[in-house]
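Next come two complexes built around chain A: one with chain B, the other with chain C.
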Partner chain A sequence: MDITAAIDEPAADQLLDTAIGLISLPPASGAGTLGPFFASYNASASLSSGDVDLIAPSTIRIQDFRLDWNLGFSFGFDLSSFLPDFCIPQVCIDIPCVGRVCTPGFCVNWPTVSVPVSFSDFVKVTADFGISITQTGGVWRVEAVVQGTPNIQFGLVTAGLLAAISLAITPILLAVPFIGPLLAIAVNAIIAAIGIAGVTGLLGPILTPFVSGLRIPIYDQPVTFEALAATSAIDPAVFVTIDDVKAIITSTNEDELVLTIDIS
Partner chain B sequence: MFSNVLDSRSIGFGDAFGQRFMRPGTYRYNIVLGSTGCMVDERPYVVEVEKGGGSATMEQHSLVVHCDGRSFTPDREAITIREGDLVVWACPDPAAARFEVRGDKEFFGNARLTNECGYSHAFGLPGEYRWVDAHHGKVGGVVRVKDVRTDSCEGLERWRKRLAKGTLVLIADGKAEPAEVDIVTGQTVFFAVVKGDGISITDSSLVGGAPFAGRAKAKRR
Partner chain C sequence: MSLTEAQSVFAAIHEDGLNDLLQRFFAARPRYLSYGSPGFVAATTVNSTQMSAIQFPGIPGGIDWSVQIARPRVDAHPQSAPLPAELDPLGLQRLSIHTVVEICINCNERQNRGREPENHPHDDHHGDKPPSGNLRPVCFKVEVFAIAHAERTSSPDGDAIRFIVDAIELVDLQPTDFETLIECLLLQILRAVLASVRLPLPALSAGAFSLTPAVGPEIENDQIEMYGSL
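Showing the complex of A and B:
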């Protein structure tokens, strides 16, 4: 016997909204490049659904689903790479009734500093999902599985992150003796060295894994389950076995996700 | 990162200690890790002071201190000067530890600035520095260091020229003149002790209390 269930796009939208909201993405950590620097990072993210478009025969396109992310990273650099050698000159002072005294000049070796940065933002992603039907561990599972590697458009995120890096660098450099008037030059040089390419080069490998390989559960059902409970000794429980599950997207009068379940 | 601490009891990067020798004789000394002078008896280095030739001009002799871990040596282990001359010790190595010049006479050393000596400090960070005598004397003062913010080459050039101009604070009979000075980041203040009671020039934040009650409040960015 077959059971057929179908949902249209608004219903699919609602179903996937709920399913995506329940997905818990594991946090990530590692190391990457931020322009010419190495950065160690930890990141967490959460998903919320966008607009669902059912495309026959087997594609669920979710437009503008949202990936909210928190990123903490730190990177270090040698200030000497950005600032020229700097020397405090000899200072001579005339002391009344004593004479002229000169202090020795000295040159500043700019230190290596480490900058921690915290930043949160979101990106919107459009991705196509295929339909995966599996039976494992005695459970039939229908999932929407993202196809390929979604292309994340960072847009204004890069400017925001560069601004956050600039804000994080400033107080750290302010603690470096003698940097005072050279601060703006140093910050500008470091931000220029990172650039937009550096930011996307860091964010891409961190955020893409949150959405590539993404699986959205649509339907989970044990292969055998109790359909009717026993009511007496002579009226035992009725069990149903799902022999097969098929899912397809049809596009006749309207686009629908159709689930056909063969039971015995 | 090197420290930029205002404390004449130990000489760090950007500091210098100078001592005049007013009488002929042999003056022995050591250079040791900051504030440990009283624990070391050896005096391996010498300042030989000869009788002056009647010249009224003070001559300055600068010694460069080298640091190897916790060991310090001057670039000349023995020097000969004339009475009234000044010897200045400084270490140009930003990685070096702070040091103390410890002489065999009470007046000779930076732990307690007594007579005809001086301590210079280049202020690397902006803020308002209240300095006090860590040996509980009443002398003290304020150094206000203002940051110069510029992103133009002209502004930087003006700042660099200002760095060559020092500020003198004369200390005599328990008073500093002027008691309050204003400078910009990177400028040097030379504290010349004409006559003191074994004082120090120490940032008040390092000694807890602040006997000097100048107009300014202790404030640091």
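Showing the complex of A and C:
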């Protein structure tokens, strides 16, 4: 090989931290389930640094990199599913000199309500990345590509989101006539119906795609590489051709990410 | 032992890669290997660099001259290319350079009056020479070996390395005093030429990782090595 370039683990950590910070994740939107409910959502996310562990011969493990996310979703439910409908019958009384007076009878049929929820938090992800080397469109690229589907540990995020849902539900239910004494019952019933499983069931499919298939750039240079820039008409640019690129992780007295490059 | 040793970033270019890079450099900028006074080089272009004629009383315009240097090839320590006995063996932290230099002067036209211009090989080099029927180049070529070391410098593209010629040896030039004279001349010329060739660090690593140099350049393992941090 004509050229050898290597970085040790702290430098790889620094390099990948910078690269991760520059990754722009496209926003996502769609629909999913929130326990027994149906929710439509839109989400955005960004990544920040983790701890890099180079594992020979070709694994880059990034531990505890952060996925900061913002999630907006709304879900609807029929209150009648949680509270019994009831009727107040007509009551009549005879009043002397007035005659018979009756109150109107009516039934309370609980409405279907829609609850919008906004929530932001972060999760920490640990993932193993392989090394991808491609030459497409006249550009050599070396990237760290996440392997498989990373396991996202939601932890306290679920409790936080349940609390946010509870906070979002309360003012909406307060506007429902006659719910006063039943408010707490309704909220608790809805939160219980969603449960932790419902939250993770919603968050998992939303957040996992942000890190699945994640590609972190390591090397990105054109096949026709400008070795020296032009400085004047009599000193034009100097180009070399990058014929081949290889990348490997070596482990001696320290772990290193090594690129070898052939030029002509 | 790790490549980065006590540093965080390592970059090395093997002598084969360095030769490829130098070939590309001199192919794109041949003027770094071609010099001449106005009789040989009408103007400085990408192909040739115009220099002043050698001034001498009684010679109007001076003595025209040119120097053409063949694209050099380098061999980094440890030695793998043969060297003249005077330079053998190649020392630590050194590289050898092999090239051929052609030196020409324009012979005084008054002495050559009446002769037709010769079809001299020098005329084929570049299209920068003035159309002068009076040019009477007299040339000789000499095979040159040089020993050099590398040092860090700056360039328009950032940190760079360049080569400083330490010693030179010509092949089969007699008498000895003449060889010594030409060696002295070519040592200065090659030293100046190679010192002007500055190879930026990103070129030496083909853009792999950024390198803030701390140690090097070191010439060993048939390559030039740099150590530093991101």
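The criterion applied here is as follows: the second predicted complex is superposed on the first by the 242 of 264 C-alpha atoms of A that agree within 3 Å, B and C clash if a C-alpha of one lies under 4 Å from a C-alpha of the other, contacts with A are read in each partner's own complex, and residues count from 1 in each chain.
We adopt the following convention: a residue touches a chain if its C-beta (ideal position, glycine included) is under 8 Å from a C-beta of that chain, and two chains touch if they have at least 3 such contacts.
Owing to the predicted nature of the structure, the values given are computational and were not obtained by experimental measurement.
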Which of chain B and chain C A:Leu15 touches, first, second, both or neither: second
Partner chain(s) touched by A:Ala229 [first = chain B, second = chain C, both, neither]: second
First (chain B), second (chain C), both or neither touched by A:Ile95: first
Touching partner for A:Leu182 - first (chain B), second (chain C), both, neither: first
Partner chain in contact with A:Ile172 - chain B first, chain C second, else both or neither: neither
First (chain B), second (chain C), both or neither touched by A:Glu254: second
Of chain B, residues touching chain A in the complex: 1-2, 4, 13-14, 16, 18, 20, 57-58, 60, 62, 64, 86, 88, 90, 92, 94-95, 116, 118, 120, 122, 124-126, 147-151, 155-156, 159-160, 163-168, 170, 184-186, 188, 190, 192, 221
Interface residues, chain A side, partner chain B - complex: 88-96, 98-104, 106-109, 111, 113, 174-178, 180-185, 188
Touching residues on chain A, where the partner in the complex is chain C: 1-8, 10-11, 14-15, 219, 221, 225, 227-229, 231, 233-240, 242, 250, 252-254, 256, 258-259, 261-264
For the chain C and chain A complex, residues of the former touching the latter: 1-4, 8-14, 16-17, 20-21, 24-25, 28-29, 31, 44-46, 155-157, 199-200, 202-209, 223, 229-230
